[in-house]
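What follows is chain A paired twice: with chain B in the first complex and chain C in the second.
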Partner chain A sequence: MSYFDLFFGWMFNVDPKALVLALSAIGAGFAMIAGIGPGIGQGYAAGKAAEAAGANPEGSKSATIVMLLGAAVAETSGIFSLVIAIIMLFANPLVSKEGIGIVLAASALGAGLAMIAGIGPGIGQGYAAGKAAEVTGKNPNVQGTAIRTMLIGQAVTQTSGIFALVIGLLLLFANPFIAREGVSIVLGACGIGAGTAMIAGIGPGIGQGYAAGKATEAAGKRPKLQGAILRTMLLGQAVAQTTGIYALIISLLLMFVQVF
Partner chain B sequence: MGENLDFGSQTLIPLFEVNGQTLGITQTHVNTWVIMAALIIFALVVRAKIKNFKEVPDTKLQNLVETLVDSLNNFTVSTMGKQNKGFATFYGPLFIFIIICNLSGLVGLRPPTADFATTLAFALTTFFMIHGFGVKAKGPGYFKFLVEPFPFLLPINIIGEIATPISLSFRLFGNILGGTIIMGLVYAMFPWFLTLIGVPAALHMYFDIFAGSLQAFIFVMLSMTFVSGAME
Partner chain C sequence: MDNNQIDGRALILACSAIGAGLAMIAGIGPGIGQGYAAGKGAEAVGRQPEAQGTIMSTMLLGAAVAETTGIYGLIVAIILLFANPLITKYMSLIG
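Entry: the complex of A and B
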C-alpha cells in the first residue's frame, strides 16, 4: 500500500477540479499526436502528384485536383483530434460534473489518448490519394473512376478514426464512470485503458488505406472492372477492420461492464 | 467562451421527462422542418409547372430539374448497376436532403446532421435496407455470409455488420459536428478585423461546402454500395 500512497495518494488531496483541468491539458496534447498521420499521408499524395506531373505534363492538372481532393479528405482525422482537443480546452463537460476527481481526470486523459488512432487513417487516406493522383496523371480520362474508388476506400479507411471519436465523445459527454460504484483508482484506470485501447486503430487505418490505394490504381487501369475491384476491396477492408473492432469491444467493456 | 460553442442541440419546447432527461422539440426538429418545407415547396412548384414542360427544355426551371434528375439517375446507375436504377427514387431525395442539411450552416441554421439522432436514423434505414434487400434477392440463404469463410468467425461477422451503421452514422455526424464546433470557435475567438479579410469565409468553404457536400456524397455512395453488394 505504501507504493500506492506514494504514487497516487497525493491525487486524493488535490482539488478535483484542478486535477480534471490538469489531465485535460495533457489529454488535449495527446490528441494532437494524431497529426502525424495526415502529415505523412498528404506528403505522400503531394509527392505522387508531383511525380505524375513530371512524367506526363498533360495530366498534371487532373492529378493536382485529385491530389487536393484526396488530401483534404485525409485531413479529417486531424480535424477530429482538433475538435476533441478544443472541447477539452474550452468547454470541458467534465469540469462541471459532480464526481470523483481522479475518475473524471482519467476519463479526460483517456479521451485524448483515444484520438491518437487518427495517425492510421491519415496515412492510409493519404496513400489512397497518392495512388489516385498517380493513375489520373497517367491517364486523365479515368479521373471520375479514380475519384469515386478513392472516396469509397478513404471513407472505409476512416472507420477506426471514427470509433476513436465515438469513444472520445462518450468519455467526455456520456461518461459511464460517474454513476458507477467502485474503487476510484480502478475506475480511473478503466477510463485510461478504454482510451488507450483505441490506439490500435492505427493499424486498420494504414492497412485499409493500402487496400484503398491499390484498388484505386487497379480501377484507374481497368475502369470496367470497378465493381469487382470495389467488392474485393470492401471485403478485405472488413477483415482488416477486425483488430480495430477488438479494440472497440475491449474499450466498451471497460466502460460499460463492471469487469472488476 | 464555452457558452458560444454548441455541442448539443438545444431543447426549445420541453414536453415530458424520462429518467430525468427532458425530451421535447429541439433545434434539430425545427431546422429539419424548415428544410423539409423548403424542399416540399420546391417539389410543389415543379409539380404545378410540369404541365408546361416541353420536349426540348426552354425554361431555366426545366433545365434545372432535368439536370438534377439525370445526374441522380446516373449516379445511382454507375454505383449500383443498371438493374437497380429504381433506387434513384430513394437515394436521390436522400442525397438532396442530406446535402441541404449540411449546407444549412451557411444560412445560420444548426445543421440537423450535427445531431446524432438524424444520422443514426439514416444509418439504421441503410442497415435494414442492406439485409432486407439481401433476403429479398437471395432468400433466407442470404445469411450464410455470416458463417463464411469459417463458421467460428460468426461473432466477428455479426459485430462487423453492427459496426456498419455505427461508422456510417458517426462519419456524417462527426464531420458536420466538427465543422460546426470549429466555426463556432472561430466566430467566438477571432478579432473582428479578420472577418473583414474573409478568414471565416475560407473556413466555411472547407467545413460547410467541401466537407458538407463530400460527406453527403460519401454517405449515399457507401449506402448504395452496401445495398447493391448484399443483393448480388
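Entry: the complex of A and C
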C-alpha cells in the first residue's frame, strides 16, 4: 500500500456527502481565524482613544466617537468571515451539488482558507481608527478631516478582504471544478490552493491600513494639506495592493484555467 | 461496531472537532488588541490620575468592541460542538 493510498485513499471510500460536510467544518474554523485582525486593530484603536482621553479629557468624547466609527469599519472582515462560516454550516451549497466528493470538500476548505486574509484589513483599519482617535483627541476641531481621511484610507484597505470574499463565494456558489474534467485529487488541490493564495491579502491589508493611519495623523495636524496627503497615501496604497492582486490572479488561474 | 472504521458521521464529527479548535485561533487578536488598550489606559492613568473614570470607560468600551471577533469564533466552535448542523444535514441526506 503506497503512502498516497494511506493518506488519501480513505477519502474515496467515505461517503462523499460526509466528506463535504466534514471539510466544511474545518473550513468554517479556518475562516474564523480572520478574527485575529479586527481584534488587534480595534484594541489598538481603543488604546489610542484611552490615551487621548487621558491627555486631553475635553477631547475624549470626539475621540471616542471617531474610535467607534473606525472600529466599526475594522469589524467588516470579521463579519465577512462569519458570514462564510455560517453559510458553510447552515446553508452549505456544495453538499447538494452533483460532483466528486473530494473536489467539493476541498473547495469548502479553500473557501475557509481564503477568508484568513481578513486579518490584514482588520489590523490595518484598526490602526487607522486609532490614529484618527489620537489626532481628534488632541484637537477636536479636526474631527471632520480626520474622519474623512480615515474612511478613504480604510475603504482602500478593505480591498484584499473583498478579494478573499469573492474567491470564497465563487468556490461555494459558482464552483468551476464541478464541470471540469481531471484527476479529482488535482482538482481538489487547486481548490485548496486557490483559497490559500488569498491569505497573501494579510500583507496589503496591514500595509494600506498603516498608510491610512499615518495619512490621518498628518491630515489632522495640517488639514490644509489634506489633498496632497491623500494623493500620496493613495499612490502608496496602490503599490501595496500589488501582491494582493498577484494572489488574486493565481487564485483565478487555479480556478478557471486548466493549468495542469 | 469497529472503532477503527471511518463512517460518514464519524468523519464529520472528527473534522468538526478540528474546525472548532481552529476557530478559536481567532482569540490571538482580541488578546493582543485588548492588552494594548489596557497598557495605554494604564499609561494614561499614570499621567493624569484625575481622569481615571473617563480613561477606564473609553478603554472598556473599545475593548468590548475588540472582543466581538473572539466571541464570533467561540460561537462557531460551540455550534460545531453542541448544535452541529452538519450532522443534522447528513442524517437528513442519508435518510
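Everything that follows uses one rule, which is that the second predicted complex is superposed on the first by the 259 of 260 C-alpha atoms of A that agree within 3 Å, B and C clash if a C-alpha of one lies under 4 Å from a C-alpha of the other, contacts with A are read in each partner's own complex, and residues count from 1 in each chain.
Definition applied: a contact is a pair of C-beta atoms (placed from the backbone, for glycine too) under 8 Å apart; a residue touches a chain by one contact, two chains touch by 3 or more.
All values reported here derive from a predicted model rather than from experimental measurement.
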**OP:** Please indicate which partner A:R148 is in contact with in the superposed arrangement: first for chain B, second for chain C, both, or neither.
**Re:** first
**OP:** Could you look at A:V73 and tell me whether it touches chain B, chain C, both or neither (first, second, both, neither)?
**Re:** first
Original post:
Which partner, once the models are overlaid, touches more of chain A's residues, chain C or chain B?
Top reply: C
Original post:
Where does A:S24 make contact in the superposed view: on chain B (first), on chain C (second), on both, or on neither?
Top reply: second
**OP:** Identify the partner contact of A:L82: answer first if only chain B is touched, second if only chain C is, both if each is, neither if none is.
**Re:** both
Original post:
So, A:A49: does it touch chain B (first), chain C (second), both, or neither?
Top reply: second
Original post:
Just chain B (first), just chain C (second), both, or neither: which does A:G207 touch?
Top reply: neither
Original post:
A:F90 contacts which: chain B (first), chain C (second), both, neither?
Top reply: both
Original post:
For A:Q241, is the partner it touches chain B (first), chain C (second), both, or none of the two (neither)?
Top reply: first
**OP:** Go through the superposed model and pick first if A:G35 touches only chain B, second if only chain C, both, or neither.
**Re:** second
**OP:** Please identify the positions on chain A that touch both chain B and chain C, taking each partner from its own complex.
**Re:** 72, 82, 86, 90
Subject >> For the chain A and chain C complex, residues of the former touching the latter >> reply: 10, 13-15, 17-19, 21-30, 32-51, 53-55, 57, 60, 63-64, 67-68, 71-72, 75, 78, 81-82, 85-86, 89-90, 92, 95, 119, 122, 126
**OP:** Could you please specify the touching residues of chain C with respect to chain A in the complex?
**Re:** 6-9, 11-12, 14-16, 18-23, 25-41, 43-45, 47-48, 51, 54-55, 58-59, 61-63, 65-70, 72-73, 76-77, 79-80, 84-86, 89-90, 93-94
Original post:
Tell me, which parts of chain A touch chain B in their complex?
Top reply: 72-73, 76, 79-80, 82-83, 86-87, 90-91, 93, 148, 151-152, 155-156, 158-159, 162-163, 165-166, 173, 227, 230-231, 234, 238, 241-242, 245, 248-249
Original post:
Can you list the chain B residues touching chain A in their complex?
Top reply: 1-2, 5, 7-8, 78-79, 81, 156, 159-160, 163, 166-167, 170-171, 174-175, 177-178, 181-182, 185, 206, 210, 214, 217-218, 221-222, 225, 229
